[in-house]
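The same chain A turns up in both complexes below, where it pairs with chain B and then with chain C.
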Partner chain A sequence: MRMHRRTLLALAVFTGLTAPSMALAADDTIKIGLLATFEGPFTVLGEDGERGAMTAVAEMNGTVAGKKVEIVKGSSDASPDSAVRAARKLVEQDGVKVLVGPLSGDEGIAVKDYAKTQPNVTFINGTSAAQDTTLRDPAENFFRFSTDGAQWMAGLGTYAFNDKGYKKVATVAEDYSFPYTQVFGFMAEFCKAGGHVPSKSWVPIGNKDFSSVIAAIPEDVDAIYVALGGADAVNFLTQYQQGGGSAPLIGGSITVDQTVLTSKGKLRDVLKGTPSAGPTADTNDAPAWKTFVEAYKKQPGAFPSPSLFAHGYYVDMKATLLGLDQVGGDVSDGGKKLRDALSKLSFDTPTGKVSLDKNRNAIADIFLTEVTEGADGNLMNKLVKVVPQVNQTLGIPEDEFMKLGAVNRDNPSCP
Partner chain B sequence: MSLLEQPSSSSLSAGGMTRRQAWGLVGLVAAAVMVWLVFAVWPDWLNAILISKKAFVSAILNGITLAGLYFLVASGFTLIFGLMRNVNLAHGSLYLLGAYIGYEVTNHTGYWLLGVAAGFAVLAIIGVVMQVFVFRRLEGDDLRQTLVSIGISIVAADLMLAVWAGGTYQITTPEWLDGALTLPIITAVRSNGVSVFLTYPLYRVVVLAAAIVIGVGLWLMLNRTRVGMMIRAGVDDRAMLQASGVNVHAVFAVVFAVGAGLAGFAGVVGGSALSVAPGEDVRYLLASLVVVIVGGMGSITGAAIGALLIGLAEQIGLVYFPTYGIVLTFVIMVVTLAVRPQGIMGKAR
Partner chain C sequence: MSLATTANVTPQQNWLERLGAGHIILAIALVLYPLVASDFFLTQIGGYSLIFGMLGLSLMLLAGYGGMVSLAQITVAGIAAYAIAILGNNNSNILGFGWPWWLAVPFAVLAAALASALIGWISVRTEGIYTIMITLAIATATYYFAQQNYAIFNGHSGYTGIRAPAFWGIGWRDARPFYYLCLGLAVLSYAAVLYGSRSTFGMTLQAIRDNPRRMRALGYHVTAHKVFAWLLAGVIAGLAGVLLVWFNGRVSPGTIGVDAAIDVLIIAVIGGLRHPIGPFLGAVVVVLMQTFAIDIVGAERFNTLIGMVFLVIVFVSPDGILGLWGRIKPHLAQESLRPGQ
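Showing the complex of A and B:
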């Protein structure tokens, strides 16, 4: 009997606690879910993603179509199942109809698959940049206004071969879909130009000790292409410096991002002069970019310059808000009107014009950069060249591009 | 006894090695092969199979130094877990906290050694506090100890995230620990006849040396000193030790202080070799759990053997089959549990 009463009490308390979150949003607010990595190895990246998203919200003064924007945060740890768990929580418990996120490659593919089971919810990507999130088997309600990892590499392979004169390059990258996509993007151009990649090392995400991997890189390569993120990149670069590594580096987009460039320690020395490419360049002179940097810096804990995560989340959140504005904030029809508006949306971002292709993947400008030390001692990505309006098939006709096959550890290959 | 029988019986005694001798011989052959692999100039076919001599020897050296680091963490864990039957699943948090404290002290004073000392001292104090205020109250209650220490580790992880945020920190090592050693190991011979020698970071050699010194020191303390005797006696029969006039609680507090202090020390040393970031706590807790399970609970020698096995497995796996490398560690654990459940050096109780 006593047990029974206790159980009832516990149930009552539990209901009391969960009820408020079940309550429907009031008419004058719009709930937007924000999914990013607020835990695990990509915590810094996720936090900067949030700053970017909040910059977009602040730009609209926190309102859209006269309704107040309410951001509900969901946290993942960069693993696909944690991302789906967080997305489910946002959609099924918090009742969001619009969700922005996630951050990392495998997460994007998992959330895209989840999106198929929730046709009335509109998903807009964060910064996840695996190719197959939108290229193969896309979801009708998943939109990516940020570009993918292969697009980010536009121009880099040719630049490394022609301007830098690297003929043989070894690659070191994490073992999941986003780095596969980045290596694909780099090699697509580099191999076509006549370069060779004799050795590819795939390391588990969250690996700490890279010294054995570094030792296994052939000694006769001209440069090493590194596509590692966050703490992994910091560890690799530090150990490369400690081990007296001498081959120059080529950076994946997130390897020479502000999340890594602002790290403390001696790794700065090996990074200077590293060429890379990505959706942003720190020394971009365009007025729109400068305005964005100023707005971004108002966010608490901001980096000297927004990382590509801040940029990606900003662009996707901005697109979301513009779309919502066009439909008057009305998602009562299961978001159909919103999705129509998003599909046709084309707008000017701090990094140039963005529009979507038929798979709802962005076509945008890509920036070729090189790491330099700024006047204030911070490391910066100096703009070398802008590659205008890169599409997902990298300018190759679609049927030809699809024949290249899905990206994985062994594809592409040019030893 | 006929004359004919004699030769056969003597040949039996000569050929019939004991099991121990046979294993000794196998060990000797393995050691000889290893020495040859490390010092000889490799023929091409061997380079083709094992990527390159540089990769192979580096993986072995890295495995051994990583083992040194694992040993530092796991020795504290094995002391507390094995000797005191005290399940402290917050041991990884002690490692991470030690690393952060080491970072702060090194950063503010500019002296790396001071950071290492602070990592040890602060964590030793925290260890005593945990023992006195938490674990002493739960003595002999394994389940509650486990749950409470998990709770502590979760709270500690969030508190550290609040203070130091999610960034990756690198503890700066002093100049005199920088640079690389040239080892007398020839990795390749260039076409012009010049030998290429293997270089190896000096700092990692220092980590290994520190681990060996601490390991030997711990073993001597446990087996050759009065305190060590009391610790071992307290583990076997606490009531009897208490009856003979020893303050058992004080002894256990000392053990806890040393164990926690070692975790903090390892945090600073490891944070300088690799890096400090949230999530390291769980990683090192898992590593020390595996090391202690493989090596045998409560045995310092066992922790050393376990650390060596796991360190080597991790590094060799990373170079030769990165995708499935992580499995190797657990295969070792599963095999140990199946063949020798008490661990390699563990005593069956």
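Showing the complex of A and C:
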């Protein structure tokens, strides 16, 4: 038998490949999957999301209903394919029964579709904020305690029209489901108040040269609504300013966050006074928020103020732990009890009360903000007003809201 | 001629011998693999490795036998994947002609093969690093085009809800059937490449790789041979693309991005370009690493670990895992000759 050794080696390799799932969780631990973007363009955001989630775990001292919480992490690169692959690994290989994530809009829609094939696993959103993750064709076992991108815009359209007096606004946003949702949320109010949006520009993520976009913005607009994230926002704003543009800005939820506000140069002057809205505000005085900021800062590598990703993951992880606590950490029935508990759950977050609607999407407070210079010279989002308990249909009756149609690049429209 | 006559005398034995003990053991192990593997290991590791192995194989065919390193293999696969989404059914409410699978699949593979031949026709005028550059340019351009075109590619979100067919009472996306489907097509491609490499065409291609000028002087049409190799590679990549879209149930520009293109190159290089088995070995290693590295070192640094492992493999053996095997093999053979073993 000449092949003797080789045979053994081949066998060894294959037994290695077939190692059955060793995911036999001990009785005194609960495994929770944590899916975030630990690679790709949103790595920084994903890491902050993890800090938020871990803040919630630390708050419960790492235990729930007397059982130890074990966090199993999965990484995606913000593409839907990678999110589903990571979710599959956590569910099918690591055997988690509860999964918190993902972070980005299109990922959320893809994971929701996957959730339908795993009815015994409970999925709780991270910060993905596309409207159709929960509004149309929702999954029974997908919960979102963080709000969606249209809800985040609550109050901004009316504020821009009434208080700022903008009648005509052009929009510039990235070309995928989350910015569509943000533009929708802004325009729903702005158009209703009587405003007009003559031009909408959609740019690919990671765009560098915005000159053609800037050239396409009409001369006579009163302001520009910008829903771009991170480097895209900085690139656009810098080029717009260098190109001699002077129209005031209105910001999307992730456009005027700390990643952009901390950038140097003349950009700062442009940003001052920019109104925006979102699930958090830097100058929130509520004691619960301050406690949360202190707890968050104990996480390694924390920012001076938690980003909305840290906030979203915190809220969703906290809800998960509270739900698990109510059912005594028991998910042996395929998570049915847990899902019942989660549907009825209502609790106080650092940003106010959160409860779920019938599609398992959050109803929560939204913060209208304006960029100001703080005492230490840093730019920050000053709280202007709290819009209480915004639901997914933005206060519009549901059948009327559904008639507005699905969010996409052409809808809504009021030129 | 003499070979053929002996084959007629004892055909069966000769078949087995020609197949080789290694192949038989491998085949048995792969066929029996579902008996021991969980569903996750069957599809997410097994099926996925076979799909990327096929993609690596199509690159190995071009690079190993033709000396043309291409970064556009994932693009070719993507064309087949998009074709399946457009010709068949999807739930993105765009296009979706609803063709049955037996019509859509041949068309998708044909489209991929033709696209591959076209890419080949453009790039055969270049050599070495310039081929890499031009195929990278094509891959990147296709990615951005798919990202921004809404009429055909449906932009950033791409197509979702693409289902593998169900016939003969079998749902072909279920774990076991899908694994066997991948295995069947992978074995077919592997055997075809192995056979092709020993055929007249394969020999000619390798000769062109080694000395195109002499082959041209001998009267061979160098460009035609190279373009035909691209067409064949396109068929394999197209089949892989069909499997990939059934595996994911969706296709978006992210599927055919530059990251994926580089993954295919890594798979081929890690595995080794000298033999068609190389890309499959490489695919298993890469898929296992990408799936489980996060469990070993945590979420912050797992890509560093993946990179280090690849670096070590290429450092220890410039020929990839195949080269490593080639070095260990003589030692093993010697040991097994000892009496009593």
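Quick note on the criterion: the second predicted complex is superposed on the first by the 385 of 415 C-alpha atoms of A that agree within 3 Å, B and C clash if a C-alpha of one lies under 4 Å from a C-alpha of the other, contacts with A are read in each partner's own complex, and residues count from 1 in each chain.
By definition in this document, a contact is a pair of C-beta atoms (placed from the backbone, for glycine too) under 8 Å apart; a residue touches a chain by one contact, two chains touch by 3 or more.
What you are looking at is a predicted structure, and each value in this text was computed from that prediction instead of being measured.
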In the overlaid three-chain picture, which partner chain does A:183 touch, first (chain B) or second (chain C), both, or neither? neither
Using the superposition on chain A described above, determine whether A:47 touches chain B (first), chain C (second), both, or neither. both
Once the structures are superposed on A, label A:73 by its partner contacts, choosing first (chain B), second (chain C), both or neither. second
In the overlaid three-chain picture, which partner chain does A:156 touch, first (chain B) or second (chain C), both, or neither? neither
Taking the superposition as given, does A:211 touch the first partner, chain B, the second, chain C, both, or neither? first
Identify the partner contact of A:92: answer first if only chain B is touched, second if only chain C is, both if each is, neither if none is. second
So, A:110: does it touch chain B (first), chain C (second), both, or neither? second
Pick one for A:230: touches chain B only (first), chain C only (second), both, or neither. first
Contacts for A:201 in the overlay, against chain B (first) and chain C (second): which applies, first, second, both or neither? first
Let me check the overlay on chain A: which residues of chain A are in contact with chain B and also with chain C? 38-39, 47, 175, 204, 409
In the complex, go through chain A and note every residue touching chain C. 1-7, 9-11, 14-15, 17-21, 36, 38-39, 47, 50, 72-75, 77, 79-82, 84-85, 88-89, 92-93, 106, 109-110, 113, 175-177, 204-205, 409
Chain B contacts chain A in the complex at 51-52, 54-55, 57-59, 62-63, 66, 161, 165-170, 172, 178-180, 188, 199-201, 203-204, 274-275, 277-279, 283, 314-316, 318-319, 322-323, 325-326
Which bits of chain A are touching chain B when the two form their complex? 38-41, 43-44, 46-47, 175, 201-204, 206-209, 211-216, 218-219, 230-231, 234-235, 238-239, 242-244, 263-267, 301, 409
Could you list, by residue number, the parts of chain C that touch chain A in their complex? 21-22, 25-26, 29, 33, 36-41, 44-46, 144, 147-148, 150, 155-157, 160-161, 248-250, 252, 254-255, 257, 259, 284, 288, 291, 294-295, 298-300, 302-303, 332-333, 335-337, 341
